[in-house]
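Labels run A, B and C following the written order; every chain starts at residue 1.
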Amino acid sequence: MTTLEFVNVSKRYRVRGASTMLALDDVSFTLHDRETIALVGQSGSGKSTIAKILTQLETPTSGEVLLNGKPIPRHGRGLRSYRQTLRMIFQDPFASLNPYHSIRYHIERPLRLDNVVPQNETETEVRRLLERVRLDADAVIDRRPHELSGGQRQRVAIARALASRPSLLIADEPVSMLDVSIRLGVLHLLADLQREEGLGVLYITHDLATARHFSDQIMVLHQGRVVEHGPADDVILNPQHEYTRELRSASPDPEKHFATASTRPQGGVA
Amino acid sequence: MKIPVRFIASRSAFYLFTAWAAITINFFLPRMMAGDPVTAYMQRNAGQISPEAERSLRILFGLDQNTSVWEQYTGYWQLLFSGDLGRSFSNGLAPVGDIISSALPWTLGLVGIATIVSFVLGTATGALIGWRRGSKADVIVPISTFFSTVPYFWLGLIAIAVFSSTLGWFPASHAYDKGSSPVFTADFIGQVIAHGALPAITIVIASLGGWILGMRNMMLTVLDEDYITVAQAKGLPNRRVLWHYAARNAMLPQLSSFALSIGFIVGGTIVMEMVFSYPGIGKLLLDATNAKDYPLMQGVFLIITLAVLCANVLADVAYAILDPRTRQTEA
Amino acid sequence: MPDPLLTVHDFSIVYDVDPPVKAVKNVTLELQRGEILGLAGESGCGKTTLAYGLQRLLRAPAVIASGSVTFHDASGVDIDVNALNVEEMRRFRWDKISMVFQGAMNALNPVTTIGAQLDDVFRVHRPDLSRRERRAACEELLELVAVGRERIRSFPHELSGGMRQRVMIAMALALRPQLMVMVMDEPTTALDVLVQREILSQISMLRHEFGFSVIFITHDLPLLLEISDRIAVMRGGEIIELAPAREIWEHPQHEYTKTLLASFPRLTGERGVLVR
């Protein structure tokens, strides 16, 4: 059983000398393994600040981030085990893999660093992980990132994240840079892995539709505050907060559009 | 054009601090030098030094055993503010300030003009080459780069051998004909131009390549930006897109390299003035070093430091005027 | 009654490298006056190249390999765009067809004021206007898109993303063009649906007022379904399906169109597009 908790976390940035900007304002939530929470917000909402705090690029101004009830250690073995428990998948599969190294190297590294399997089983484990993300291990293992498509690269990034057998996964806009026709495939893969491996997933996104279908709960972040948090269907189908309603009506919804506009005014924009 | 006060204040504070640090280092350096050529000089020339010259030398070099370092330091600042940089050993104890002020205009005039010409010419050429990427104009890049990789003293000597000794087009050395003295006459100005042409041209040729290459590469980056496509889609004439949109943005990093290169220009000046026996600051420093003329060296260092600072201030101001973003983000 | 504004016939664009790559293949389409046409497709399908090609904004090595583009001007004159000389082409641009880019941060020159960038348009296309008239026109445009005339001296970085976007629209409106091409195709800048929606309603409002046609270029098919009259789906440089939005939604013909439609989970529809 693994839990990640944000307890009253605030983050204040200094901007130009005197003034400050509150990027996160008293954010609290709990992520358990075996559940998916979508963190929905537009640019500037503070969702990337949360990702930065989780990757320890930033520290909260106030409040605490707890893993299994304990603060995250800043260094040493504790930090290493935190990083092994919680893994990230980034938005840009072109930037998150090193162009000079083969796919094998990318996945071997966390295996060796965290001593996940005995030395002589490394190769088997690399292949198993690649198959796990539905890549043809023989075809990709000796390739370099630039020889793969964007979708394949993101799968490699997922395999790498899985290598240390984490219990939590932070997926920061994992598909927004991929071609639309392969996005769902990658999301399906993440959903399957989540279920089969019992992972806790924090799915950070701007897209309400995938958030709804992919997650158990949705948290809506607006100007650093969680304005709404609840079961996915409730938040989308029956939004309580004004901002969530605004977001919902701004998101394209052709189904509703064609259902209501039987005789469509010429070129009307809702 | 609005430039926030806070931006100006923070930049000024930065430069004032740098100037203070440079002057203070200049104060401590002679005090840290091993051996003491100054005392030796004083003993050799005992009796010939006027009391106030002796006092200023003592303060400048920290030889006054009776005063604390702090008193020496404040005395040093007083001397600086009254324009007294001490006396030069190798020039019959003439005031260092006078010697420097007779050499400085030559260097500033020649190297300053040559550097600005090179910067403007190189940047404009680089902009044009970048704009017409893939055209025949591209050959300029390797040629100009070749000249900037050639060691400067060698380039200078070849230039003298060809254009001065063999062809006789330009005088080989000095700033004006022997026997003339600096007066404002057409004849004298003609001499100055004739003597300055060869060193100036060699400086331009040697430094042009860097500006061309830097600007060309930046142009290639900038030309891929959306705002260039928008400018073209707006139906602006190519000339306007080139200068107002592309070159305007591409030259910003050039200004930073300009500020950075000022230090190297000082080094280049010394070699140039040596090769062409040009009576500027570089030659002065060289002569002072050979003669172990510490007061003069100290004075030249100070002036060079201040000149580099001033040039940096100018580059900074130009950058702030040309790039509105710096005014905001760095303030 | 058909009233075409732009006729594109057998239009092809080739990247002249070795071996040559066909980026746009024999595209034929007719845009009606006042129509909103959506151009949908994934990255690399040629939709942006096609848009640039219509205005002859291609850069080497891309070249127009075949076909014609005819602009049926409101004055009744038919303009063969490919036959214009350089100067005529320059005058045609923005006056008849203007463009709006989604990445509005990069679409505006970062080192000059937005006023100067608006002014540019009048300076080159309306040389008869005096400095004062140009200034008045720029201020009027900024008011029109609700940015406010006092922003005329602002630099792009001093404005919010939405404001920059509206400045771009003001600029695109400056000469009252008959066609506006909106390139909304950057995955990283498309992350703000509120800004996007605000811009779309602004365009819609202005279109009712000025009656221009719009070509929308994006990979976001659900968005196109809501705002377009007709949608062209592109893949591999070809238009594989062109039909009214409702047709595309209800009876997609091409397999690829179906794939694209299935790629977007329904916001409010039945849960379960993602098998969980």
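Here is the rule we go by: a residue touches a chain if its C-beta (ideal position, glycine included) is under 8 Å from a C-beta of that chain, and two chains touch if they have at least 3 such contacts.
For clarity, every value in this text was computed on a predicted model and none was experimentally measured.
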Pick the pair with more C-beta contacts: B-C or A-C?
A-C
Farthest chain from chain A, comparing Cα centres?
B
Cα-centroid distance, chain B relative to chain C, in whole angstrom:
51
How far is the middle of chain A from the middle of chain C, if each middle is the mean of its Cα atoms, in Å?
32
Do you know which chain A residues sit against two or more other chains?
none
Return the residues of chain C touching two or more other chains; collapse runs of consecutive numbers into ranges.
none
Where does chain B touch two or more other chains at once, residue-wise?
328
In the complex, the residues of chain A that touch chain C are 42-43, 91, 173, 176-177, 179-181, 183-184, 187-188, 191, 195, 206, 208-210, 212-214, 233, 236-237, 246-258, 264, 266-270
Per the touch rule above, chain C residues touching chain B in the complex are 52, 55, 57, 60, 90-95, 98-99, 101, 103, 106-112, 120-121, 124-125, 155, 157-158, 168, 171
Taking the touch rule as given, give the residues of chain C at its contact with chain A in the complex, in rising order.
34-36, 42-43, 161, 187-188, 190-197, 200-201, 203-204, 207, 214, 219-223, 225-229, 246, 249-250, 259-260, 262-269, 271-276
Please output the residues of chain B touching chain C within their complex, sorted ascending.
134, 225-227, 229-237, 240, 244-245, 248-249, 252, 322-325, 328
